[in-house]
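What follows are several structures.
Same chain, two partners: chain A is paired with chain B first, then with chain C.
Up next is the complex of A and B:
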């Protein structure tokens, strides 16, 4: 059996830095408080750089539980980027100043280690442990503001929802193990055809007796459905999205940014791992397994965009927008082609920058004015032209307006589903993009056309760290839009290496 | 073990489990409900023994009965007057709750009937503790280590959230 420590290097750097940051604070509080954010950023960068070494078709180690391949590398980079940006945003976010900072950064590092594990695990047990690891610490971070009841509510709701979803998912894992006798995804994939043959007598899934029957294996169909509940919660796809608006609303806004990007991406990492490893035998789930995913995708796009329109709190608005984006990203999985899977990665990389940008500005404006309502944004274009312009760029990119990167994210997903003939889905996606544009335009209107009823006072100053984070997000949102070829080629190569 | 003894033992345990689980839901005194929970967890352990999983049964008693249920009872007893408090048995969520429970039962039935005919037979093993130990330190050593990280993080998180206000 291979136990390759180098494969674990990024995970160990992150977890080690997390423990070090927490311990340093105990031993030497002053130094701990001063160093924590910088150690966090250094560890995130080091983990990303170490992960890069794993680029390739995949190396399995640690008893078949760990796999490092090109897919893991790209997801690892998204996690590292998210951690760095969120750390910069958290540095001077005032509600956090009243709480303990070193533990905050230590927990953030541990969550990032957990999502690294999620992206690189090949065994049901490790996948489950990693998902719980990231979820449990996320509940703590969402409820970190002890002086703010909304934050506690966010943590509690997130916890209750997450615990139920992961219990359901565990039932699915148990079923998979019961059918195949192994917890390893590769082993499960090899055992599935066996299952299909021996189940010839019950080879049809009867949804409505006598009417709706699909070729496939009942137990496997249920297992896949139960697993999809857990992953749907992680990526906040409708109908497993209910926690997201409340959690993003009450959590510290930088944490909301982290959850909406790293947590969502980690769910997609596990989903892609399942789909790509089980791919040769996935039709046993039921002939048209992609159509089940497409139901989630359509529901997410429609409900996320439509309910988002009536939100007046920018964090809730962005939460619904992130639900809609989960739907768009799922379309890449529905396409079930190399281009489709590559488009998922392209989308997530671009989404990381533009969404942290948007949440980051919500956090910065919240820091300066103390408010998160749309009315707090009225006249921002005149008061703070640069901040307003940046927010406009991120929102327009989220809406998918051409020269910006968000357009290419949507473009590749649409290209993938049109190539496979899903025209209805493509039409729904385009319609919902238009609705999404309306959603983001409400913020733009408030910033540039509304006059504030009373002067919005600025109670705190803009921090340089937040400004640096926003500039990085701006570059990340603009660069792939102007010159998308390297990212596209990279994502396509990552998928070609493993599928 | 004789087939019919096994069957009788199973149905006795199953009946006790259902009865004590209903007790948790329906007893109006929180302390009694807690005791009923302990009974439910014990019969669950007995079911594990019938399945030949002594180790899991032992862990079930140690952790669920020994730690979690007792902790719940302590919490009930240490909270002032909560033991005498009568809790409401029916809430507005009764109907949705029943619907979810019914759906779960249907899924369980479909799964158990759907699973027949597949070739996965439970493997008989003499030394379950030894096998689990070997598996934990070879194939599953990485998940084991990740769990230790998880516990550390959860502990830190719990302390941070529950600590007393600091003097400034």
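Up next is the complex of A and C:
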């Protein structure tokens, strides 16, 4: 048994800083309040830098519960970047001024610690605890604006939904444990071949109107389905997406940005961990895994894109857009090849920048004008040309217009599934990327072509911290589009090291 | 390192510099200083394109690439493919773009977004030059989308006008519809050959590595992109509406260059189409039909720019037709000559609009003596378009009609020759109504000639419109000049029959227009009455827009609204049903149900009291719905996964 504290260093930096920041307010008062965001950014950067040391094929410690490898490093960097950007966005976001701010940053740090754990755990118990830890803190953050009933509503809905989903997932974990006698993913993977053989006599279940034969063990099939419910909720894939539009709508908008990126990425981290560890024996689930994931992917792309079109609140619109993106990312998992998994990582990194960019601008415009309706965006192109141009870049990137990075994200996912011959999925994905364009075009139309019916007053000033965050997002959205090679090489190396 | 790729970089990137300057400093510099850098940069580009063309024609062209992405399975190079074909196109685009930049200084005079306009024009020129010189499908697609983006920005440039912003959105959506097919085609070729590079794909196609069905599918999918971009039936609807943009934009983007991208693309990747005769036949039918239908619609247009717009659709149909009958040389030849005379006609119409303040030809009349330069250059452009020898359009149109005759399909012959007649007719109809007779409105009465910065480009383009066709007399003809003649398997000699027929048709078209509109031997009103049903169909543009707006758009909106509603209300029904069932079951269960139901009610009451009125939504039980959907969804996903296993 190895207990390597260095492997836990990023997690402990984040958690320690979180607790420290929460107490700052009490101990140092005004000075503490001023220091909190900077400590948050410093801790996020330190955690990312410490995580970088773990680049490699993977070192297991802490009784086999913890693994640090290149996959974890890339996810950790996404989490750290998201935390830094969201902290900058939150710095002057006006609804937060009425709340206790150090506590808010402390909670953000703790959520980040939790998602770091999600990306690095190898044991069902640790995975479950990390998911719960991150979820519960997210509920609190979504409902953080105590004076705003919508925020409370968001937090409560998110909580009720999340609790149900994780209960279902726990059932799946229990089934896995019951069948294999271990909670360790590596152990489960080793036990799978035995299960696959011994179960041949219960190889089918009877459904009305006929019998469907499942090669392999149907309990395993069921367990996989139940686990996917929990992960589907984390990544907000249809039909486990219902919480997202309400939560993003009511939560403080920087938190919506964080949830739509870091929380979603953490779900994908666990999903990738499952499939990569179980990979050698994955086919024993009998192709069930691929069909599960492709069902979720298709539903998410179709429903997310279609419902998004009729939304009038930019946060709800972006929520449905993020649901559709979850579908696109899942395609990389369907491919089940090195290129496929690399494309998931490429997509998530690019998505982090462009989506925080889009949500960040929703937050900035909301801060300036106090409104989130599309009508608040009419004429933005004239009133605030730079903000409008930035938002246009993020939206066009989300829509996958070359040469912005979003195009390459979609390109790699599509290349991966075309390589494996999933042509139907590729056609659906391309069609939905066009439908998605309508969704973003509505915002563009409002900004550049619509005239505001009455003058939209600017009630607050643009904060420089928000502007810095947007510039960073802009660079992150442009650079991988112009020169994707480093990111691609990195993602491929990360997968090659472990698969 | 040879000088050729450096020249190509200068040609392409000079406008990008202009774009950046105009974008960031345009507003501060004001008019006319904001136009200096963009126009100068475009001039640099046009100047550099001439030695580039000369260098490539003298055999120094080739493939210049650098590695961009290399990651095992996927490796993409970027760079320039500079052969005769792309060099000719580059020079055409750069020169026409420069003249239109120059003209815009006069035309956009007094516009509040003067600098922004030049920024967009520069960005467009950069993108179009990138598209033309691309060496692979990835690069082609990126610039393909970028020129599209510039097109939408410029169509909606006067976004205060609702019709302009609607037209921008329409162009965006319509062309993207075609791009779906284009993207699928590119991915299909990528899946089949593992490469995006033209030369590698051509190699695979020529080596017979791809089966006939798949190559036909790929060619047809690529053609979808051309249908959208080059405004062919059934996606032609966006181009006439695109005339809402400023006239120089109509000339540059929606006549001379961008809309030809579809034609250019097919000729560029012609080896793929050559391997798919079925696809080529579809291309020919679509092109021929578009040529004829658009020409008939142009007969009844009263807006000078719309006459030219339908004419453009029709001429693009000609080019597509030429590709379909297997003569990319003729298509490209016509593309180049058309670029000159159609931009001349558009700039001429811009001068008319500038002088009279209207686009309606019925409100003009008697312009000829007041706008001498505009008049004679416009007539030169119209004669070139009609195909009267020895002007440019004659040579290129004759090449097309010759190939169509050789191809021998009756419908294509009808389309080709009838369109020639109609083209001459509608152009001279417009000329007589607007330039001849007496001024019909005050605007026409006070019409004035445009400033020299606008008329000089007209004169230069008129010279090109006369002479561009004479390349025909170069040994080997335009085919050898463009380097495309490698695709011609038998020599297309001069088809004397077709040539004679096309000249006779053009002259008859002009003659009929003269009888009706100049000499007025036939009463125009009477004629209109007789042909009213036909005119109605033409004025409704064959009902394409009505069908799209009446059926497709509402259907689509309904569909997404339905799903939105499904999320909110249909599920509500399920929830109510299940709630009802719960109550029913609880009735049977004595004390137990009391505790549960009471408990839930009390809990809800507690939540209500605690969180106040803002929670109205919650009280109606939405979260319960969500969680029920979670359960139903889980079961449904498991069943669906089972079903597709």
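Throughout what follows, the second predicted complex is superposed on the first by the 489 of 499 C-alpha atoms of A that agree within 3 Å, B and C clash if a C-alpha of one lies under 4 Å from a C-alpha of the other, contacts with A are read in each partner's own complex, and residues count from 1 in each chain.
Following the convention adopted for this analysis, a residue touches a chain if its C-beta (ideal position, glycine included) is under 8 Å from a C-beta of that chain, and two chains touch if they have at least 3 such contacts.
Computed from a prediction, not measured in an experiment: that's the story for all the values here.
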Partner chain in contact with A:321 - chain B first, chain C second, else both or neither: neither
Touching partner for A:339 - first (chain B), second (chain C), both, neither: second
Residue contacts with chain A in the superposition, chain B compared against chain C: C
Which superposed partner A:292 touches (first chain B, second chain C, both, neither): second
Touched partner set for A:136, first chain B, second chain C, both or neither: first
Which of chain B and chain C A:175 touches, first, second, both or neither: first
Partner chain in contact with A:222 - chain B first, chain C second, else both or neither: both
Intersection of the chain A residues that touch chain B with those that touch chain C: 222
Footprint of chain A on chain C - complex, ascending: 68-74, 141-142, 145-146, 149, 156, 159-160, 165, 168-169, 172-173, 176-177, 179-180, 183-184, 187, 190-191, 557, 559-561, 563-564, 567, 607, 611-615, 617-618, 622-623, 625-627, 629-634, 636-645
For the chain B and chain A complex, residues of the former touching the latter: 107, 110-111, 114-115, 117-120, 138-143, 146-147, 149-150, 152-154, 156-158, 160-161
Touch list for chain A against partner chain C, complex: 148-150, 152-153, 156-157, 160-161, 164-165, 168, 207, 212, 214, 221-222, 225-226, 228-229, 232-233, 238-240, 242-243, 246, 286-288, 291-292, 294-296, 299, 303, 306-307, 309-310, 339, 342, 396, 401-403, 407, 412, 414-415, 418-419, 426-427, 430-431, 434, 437-438, 441, 445, 448-451, 483-485, 488-489, 492
Touching residues (chain side chain A, partner chain B) in the complex: 1, 3, 8, 15, 18-19, 22, 62-66, 99-100, 103, 106-107, 110-111, 113-114, 117, 123, 125-126, 129-130, 132-133, 136-137, 139-141, 143-144, 146, 155, 175, 178-181, 194-195, 198-199, 201-202, 217-219, 222
